[in-house]
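Chain lettering (A, B and C) follows the sequence in which the chains are written, and residue indices restart at 1 in each chain.
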Amino acid sequence: MLWVDKYRPKTLAQVIVHEDIAQNLTKLVTEQDCPHLLFYGPSGSGKKTLIMALLRQIFGPSAEKVKVENRNWKIDAGSRTIDLELTTLASTNHVELSPSDVGFQDRYIVQEIIKEMAKNRPIDTKGKKGFKVLVLNEVDKLSREAQHSLRRTMEKYSASCRLILCCNSSSKVTEAIRSRCLNIRINAPSAEQIVKVLEFIGKKEGLQIPSGFAARIAEKSNRNLRRAILSFETCRVQQYPFTSNQAIPPMDWEEYISEIATDIMKEQSPKRLFQVRGKVYELLINCIPPEIVLKRLLHELLKKLDAELKHEVCHWAAYYEHRMRLGQKAIFHIEAFVAKFMSIYKAFLIATFG
Amino acid sequence: MGKRNTIVISSSDDEDYEPSSRLTRSYQKPKSTSSLTRTNPSRAKKPRLPGSRLTKQSSNVDEMRLAFRDFDEVLNGVKVSAGSRRSNPKELWVDKHKPSSLEELAVNKKKVEEVKSWFEERLMAPKYLQDEVGRSSVLILSGQAGVGKSATVQVIASKIGAQLCEWNTPTPTIWQEHVHNSSAGMNYTSKLDEFENFVERVRKYGLISSSLNGNSKSSIILVIDDLPVTNGRSAFERLQRCLIQLVRSTRVPTAILATDCGNADSSDLTARWLEELQLTLESAGASKVAFNPITNNSIKKTLSRICRQELCNVAAEEIDLIARASGGDIRHAITSLQLFCLKPNVELDLSSSNSTPSCPKENANLLNEFSGGFSSQYGRDETLTLFHALGKFLHNKRDTENVVALDQNAFRVGEKFSRLPFKMDSPEKILCQAHGQSRPITDFLHENVLDFVSDEAMDDAWAVASYLGDADMLLATSRRTLNRHSEIGNVLQSAAASVAVRGVLYGNFHPSPSRWHAIRKPKLWQIEQSSSHNQNEMLRQRFMEDGGSSSFSEVSVIATEYRPVLKWVGYRKAGDVETHGSEDESLKGMSIDEEESEISDDDDIEDW
Amino acid sequence: MAPVLQSSQPWVEKYRPKQVRDVAHQDEVVRVLTNTLETANCPHMLFYGPPGTGKTTTALAIAHQLFGPELYKSRVLELNASDDRGINVVRTKIKDFAAVAVGSAQRQGGYPCPPFKIIILDEADSMTEDAQNALRRTMETYSKVTRFFFICNYISRIIEPLASRCAKFRFKPLSDEIMSSRILHICDQEGLNLDSEALSTLSSISQGDLRRAITYLQGAARLFGSSISSKDLLSVSGVIPVEVVEALYAACKSGNFDLANKEVNNIIAEGYPVSQMLSQLFDVVVEADDVPDEQKARICKSLAEADKRLVDGADEYLQLLDVASNTMRALCNMPQEFSFET
């Protein structure tokens, strides 16, 4: 098992990074009055860890006994029936799903499936009705309609079920939902906190960590705890005992994007653009999300540019990323961004060097 | 031809196909629905040429003649040219020129050898070896339509002297027929039921020896051509179970021919199921040989051989064009050739109509209607007609002489924005003639346009890319609104196609000097499939590694964080995520194949 | 074992005034309505005004006071935006409800019980125009037996024919004092400890919206217990601390792109919602005295664009970076290339 999974805190009491939030959550559930919750914060800040620990706090160890189900749903949408497939993770007391996986038909999932789940209340040993927890991932990726339906569901079934929503950016969750949940912001852990965690793991694994080494990993992780732990383990595999100036292996796809950026800077032509397309395809095949490709590419380009161009480039990145969301095929828009950049950069080179 | 010992087992209809009625139906259709709203052929499993399935030729001659009478009618009484008279009108060329020896097969020799040795191994091996565990007697041949899967099996069978026993999916029962039958006391059996029964029989009793006329000692090969079409998950699962049973237990060497829908949308469930089915069968022990589309050269060679035999005078360029347009589907190529030779006054110069769109318009239109109407029923049509349209758009020919005639009073735009008039019909009209669907058109343009932009003109490349992006956004919107307001969806679709095409035409201000480019099939489609496949793999694997204890991980996180680290850490498990790498390679291999064949044109011919 | 759920009411419901005269700060409205109550005769009504000013409360209170708990169910139909309210619902549900006749006026249990029914349409401005038009017919047909209460934020989104049939009441945003007294009342009831700083923070972040203020209060109470500081309130409300906004603004002013980029990265890492950031940045920019109008306009344009893109689901980091870059260019008078704008 990877260290990330091995040392994932199982209970709220074990949580190191967001101790204060964990304490508050404990308080919240001991009062037996758990409102709907909305966790938001950047990737790798520990949302899911907290949610799982919270579920354990509410339901005890049974919350960890989950089974995966690939369920098919037939939904009657007036004139026709819609077939939907969705993977769910369920224990006796909670169900976890990512409704946005079904794409633009997500509202049916929300309307029908959640409704159905919310109706089935578990009955505890004393014959009293308990409540069920629905964990919904990536709510920020839900369509407007789906979010609207979600709001209705929340009101209708609030007696029998509690929703725990999890998302990266709360801007994309409608006010109506936000105002019905207790919003909990999970910020990315600071570099010091990450160092603390790494040292904790190092101690458990019986490793000698040279001074400054953990800090370097933390710095490279960009405040992403999961990433920090993963690179820590990579370093361990790569070379042990550690030396304080040991190279921290970068993610392969990031290196690849950096290569692309170099390519773009070297030559600006339709032919080169075509080559870049091939490389981007490679990334997409490996399921690197297009917006991350675009962001990383921007990051790499910004490193190499003069200040005046930086403004222009980040403007176009924002412009094309937005269009990518509206469109269907990401490659069209990534390519348009690269083309735009090439065109700007070429003009800039001509203006500067003649 | 005559040597083939084939038996057709089809449980419901003892009659063979009725090509006449079928052909009539299919030919008349294009007249009524001349343009626009065709259902996307790539989604449905393409109807296949009935001729290729005719296994009892002699009995079919009459029907064939009937068929050709219809054929003539479609040509609207155009005088049939000498070329077609020379050829025997009683047979489809696809059948007439069916390969009879391994040498004539246009399929890649290595593949043929692979399949052949597989069969030989199965047939020659002593009985006890056949029972060995883990040695399945099922071979899956996959590939898109018309790459010679059936032909390969047939030729090999005749070569090694085995008998073929075929399962063909019976013709679907149409509703009226059903009503008629049920009044006559016949019950309807679903095609899936029939198939299940068939497989069950084969498993239990082997092949019924009585149906094998005469030398029952020769070996038998079972061919399952075309799996029954399944509708809905449960039916699919039944089919899957049934096939797995077959894979596990049969002793007769069996070939399952699976037709890939190469360009299916990644969201298309049927396509995904088919893929899934192949995977499960493989894991159940079946071997698999994937056929690539046939290279242009092989097609060209075959076509020229046919031309020689038919005494048709077809210019090399036309053969080349037909070959390229067929998209690796040899059956389609031969059919196109036959049609081409049927046409009056073979003067019709296909290649010139492509490179210089100014060629006699009537001819071009006529051609488009022919090929559109004819082939749209049979699969590869899009490529042939799309090819013309795309050629026009990409080459972007403009009138250079008539510039002076421009209306002086017209609204003047800045020089930067003004363009010369088109040397072609309006793009929308061409689109309409080509039956172009917006999505494929856009994808094709996207794949190919950069080849046609001058290497200096970065700004043009950006303009084109941006317009294509606009088209993509329109298409996405139309997809979202589609289920609610189909009219709006249609308008959006046409608008998107229009934006894409005109964007390309407008944006490509400085087209690169005219030279010959192959038009590629959008790689994007394969990328999407692979990507969704990888995604599922990753999720599955991640869950396993997790110890199944905690919760979902987002794909993005797995892809960007877990996987790179796993690579380093070497936490690989058997049957890991990498599995798909092979498919990527095959993808690359394919494109390289094509490139090579284009470059090493001459060598290849000598090789033969 | 699943713990048993305590039936806990949202405080918004718990402390909703039951009597029209208890409705805070809307004196004029209250006066007219009390009059109505006495005569048990009322026209169609349209309540409009910003959220959290007591519109729904008033409508519910008046319905309760007219019919009392027993008749309430059969006489009052509540529909809000979370119900499906397409044109069909208007045609069927409302019609069905309105069509059933009611008995004559007779006082029951001390309530006036006038001989009509009330249909409350909350968030009426989110109804489609078609639905509103259909409603117009219904209103006319059943005007003898039904009264409609429309509640909306924006009166401009109600079609004129509907609005003209109603008596209109405008609800004003609540003043700080009213708000504070209400909040303190709740704190008193719930046994909460709220210092004066927290109280002023609460009224500033809720911007005259009492419901929001109460929601924040309850959230903070649940998470942090009975003693609530202004920091707790901020964290529950999702409002971004002023220092963070100021830091970004300062970075933009400095003209150093990398500095701004660092601030943006920081904001994303802290998980602050960018849409909130935009609206707070907007406040800062609009109130800044040292920025000429033209620059302000440029910044606002970029803010508006980014906001729209966020609604469409665009990436937060990129949009905020774009805004920062535009703001910087505007503030430092760098050339802004509009030539590519399409």
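By definition in this document, contacts are C-beta pairs under 8 Å (C-beta built on N, C-alpha and C of every residue); 3 or more make two chains touch, one makes a residue touch a chain.
Computed from a predicted model, the values in this text were never measured in an experiment.
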Per Cα centroids, the chain farthest from subunit A: B
Between A-B and A-C, the pair with more C-beta contacts: A-B
Centre-of-Cα separation between subunit C and subunit B, whole angstrom: 57
Euclidean distance of C-alpha centroids - subunit A vs subunit C, Å: 30
Separation of mean Cα positions, subunit B and subunit A [Å, integer]: 39
Numbers and ranges of subunit B residues touching at least 2 other chains: 466
Multi-chain contact residues (two or more partners), subunit A: 326, 340
Residues on subunit C engaged by subunit A in the complex (per definition of touch): 1-6, 8, 82-83, 212, 215, 219, 222-225, 235-238, 257, 261, 265, 268-276, 306, 309-310, 312-319, 321-322, 325-326, 328-329, 334, 337, 340
For the subunit A and subunit C complex, residues of the former touching the latter: 24, 27-28, 31-33, 35, 40-42, 45, 58-60, 93, 122, 124-125, 128-132, 140-141, 148, 151-152, 155, 159, 169-172, 176, 178-179, 182-188, 222-223, 291, 294-295, 298, 302, 307-308, 310-312, 314-315, 317-319, 321-322, 325-326, 340
Complex contact set, residues of subunit A against subunit B: 1-2, 4-5, 8, 43-44, 48, 51-52, 64, 66, 68, 72, 77, 83, 87, 89, 96-98, 103-104, 135, 137-138, 224, 226-227, 230-231, 233-234, 237-238, 249, 251-253, 268-271, 273-274, 277, 281, 284-289, 292, 320, 323, 326-329, 331-333, 335-336, 339-340, 342-343, 346
Subunit A-touching residues of subunit B, taken from the complex the two chains share: 232-233, 267, 269, 443, 446, 450-451, 453-462, 464-466, 468-469, 472-473, 475-477, 479-480, 483, 523-524, 527, 530-531, 534-535, 538-539, 543, 545-571, 580, 584
